[in-house]
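Remarks on the structure that follows.
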Amino acid sequence: MVHKYDLRVRYSDTDKMQRLHHAAYVEYLEVVRIEFLRSLGISYDALEQSGYLLPVSKLRLNYRQGARYDEVLTFETRVALDSRVRLTFRSEIRTADAEIATAEVELACIDCVQHRPCKMPDELFEALQNASS
Amino acid sequence: MVHKYDLRVRYSDTDKMQRLHHAAYVEYLEVVRIEFLRSLGISYDALEQSGYLLPVSKLRLNYRQGARYDEVLTFETRVALDSRVRLTFRSEIRTADAEIATAEVELACIDCVQHRPCKMPDELFEALQNASS
Amino acid sequence: MVHKYDLRVRYSDTDKMQRLHHAAYVEYLEVVRIEFLRSLGISYDALEQSGYLLPVSKLRLNYRQGARYDEVLTFETRVALDSRVRLTFRSEIRTADAEIATAEVELACIDCVQHRPCKMPDELFEALQNASS
Amino acid sequence: MVHKYDLRVRYSDTDKMQRLHHAAYVEYLEVVRIEFLRSLGISYDALEQSGYLLPVSKLRLNYRQGARYDEVLTFETRVALDSRVRLTFRSEIRTADAEIATAEVELACIDCVQHRPCKMPDELFEALQNASS
């Protein structure tokens, strides 16, 4: 399954190079992951309220071409289950005309009390199994 | 008492206008307030750990001239106690050559459980009384 | 005319107080202004390309209640023409349940070469006249 | 040569997980790179003014442990010249007690007019050669 989501480059996220700042992609990718989960029926907010956190453990970004203010970026994202604890989102980021960047973000499920790795809840695991097949 | 503090304009805080983005001033002012408190012997971190929060209740900013990347901004800040609950920081922001902005930020003391206004702890109140005289 | 626009609180914009950070409102207000202009047929991007900038000259924010992660904030915004050079946007920010904040943002039209105040282009002026009546 | 630089975790960079948000590391790494260059006698600002840009082409981050508000992070950074066009900074990020993260950031020199790869200026090349040996 490929999840598609569009985000427009915000003015406050541009920099003096007149392109989207490279750190802002990391924030946009987070929005996209959360909307991907929402499209699977998973609320990240509810997940945290039930005691789980999904912090980022690894980040890989390759920037091909700069994105400009007000451009609409399309994120095409796939998810893979690495284990009961870890999952990875891979995204291709494009405008209508150009390949902008590719990204790989690994998350680890931890509990919100001790911040130790733990198995993700069944509901999330099953939703991700379906989405990754 | 006037507290002086310097911050350098970060690249990621510039925008396509090639100036410091207007929202970034709000973050810089927060750094300055926290360093002001630290200079009075007050750790904002310890304050939160003891159950108090100091969220911003009002923000007033007048922008006179844009600040550029890598410029050092000098913040001259005074604090006023408005009550046992509220305090206001007033800052003048300058470079070596120019007046950049003025700011007024009002904070309210609330408790971290119910998020309701409460009297600030004595240690903070006394430190602010000294600083505001 | 009242412009209505919804924005969802992003995870990266929350802070350790577990509320939307007070500086992030300033970025959200910018998104809202740009969408307001777009709804009037004005592209802020095209405006900059034609040689004009609209930097913020004054900011007034009153925070009533914190906004939480993933909440949808509704911005109800009016615009006023202060002169041929200056305009002010006034917003009320709400969730379904609560009044979150009010904001007033004044912008000044400047030219992109010398960064000096200048009359805004007729197309923008007329669109704002219609919107402010 | 190892460049050491300390940065304190800003409140606005924390998130609802009560840790430094994972995107903020990317901004901190940029500050560190610019200070590294400054320690070599290279002003990144002057470099841009002379017509060169150093956008990020690759980003690799491994997050080991969360960083908390107000903690001081120590960045130990090495630089490597990959060619006349590309360079890579590798950082280890620590608090007094813990290994927080490791990062690898590749930059490419481009010209500010056409945004095409170009040889970096000699002064930068020589400074980096010395620093990477």
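Quick notes
Order of writing sets the chain letters: A, B, C and D. Residues in each chain are counted from 1.
Here is the rule we use: contacts are C-beta pairs under 8 Å (C-beta built on N, C-alpha and C of every residue); 3 or more make two chains touch, one makes a residue touch a chain.
Everything numeric here is computed off the predicted structure, so don't read it as measured data.
A count of C-beta contacts for the chain pairs A-D and B-D puts A-D on top.
When chain centres are defined as mean Cα coordinates, B lies farthest from subunit A. Taking the mean of the C-alpha atoms as each chain's centre, subunit A and subunit B sit 33 Å apart.
Centre-to-centre spacing of subunit B and subunit D amounts to 27 Å, using the average Cα coordinate of each chain. Averaged Cα coordinates give subunit A a centre that lies 23 Å from the centre of subunit D.
Of all residues in subunit B, those that touch two or more other chains are 11-12, 16, 23, 27, 30, 48, 69.
Contacts from subunit C toward subunit B in the complex involve residues 16-17, 19, 22-24, 26-27, 30, 48, 53, 55-63, 66, 115. Touching subunit A in their complex are the following residues of subunit B: 11-12, 14-16, 18, 21, 23, 69. Residues 10-12, 27, 30-31, 34, 43-45, 48, 69-70 of subunit C are the ones that touch subunit A when the two sit in their complex.
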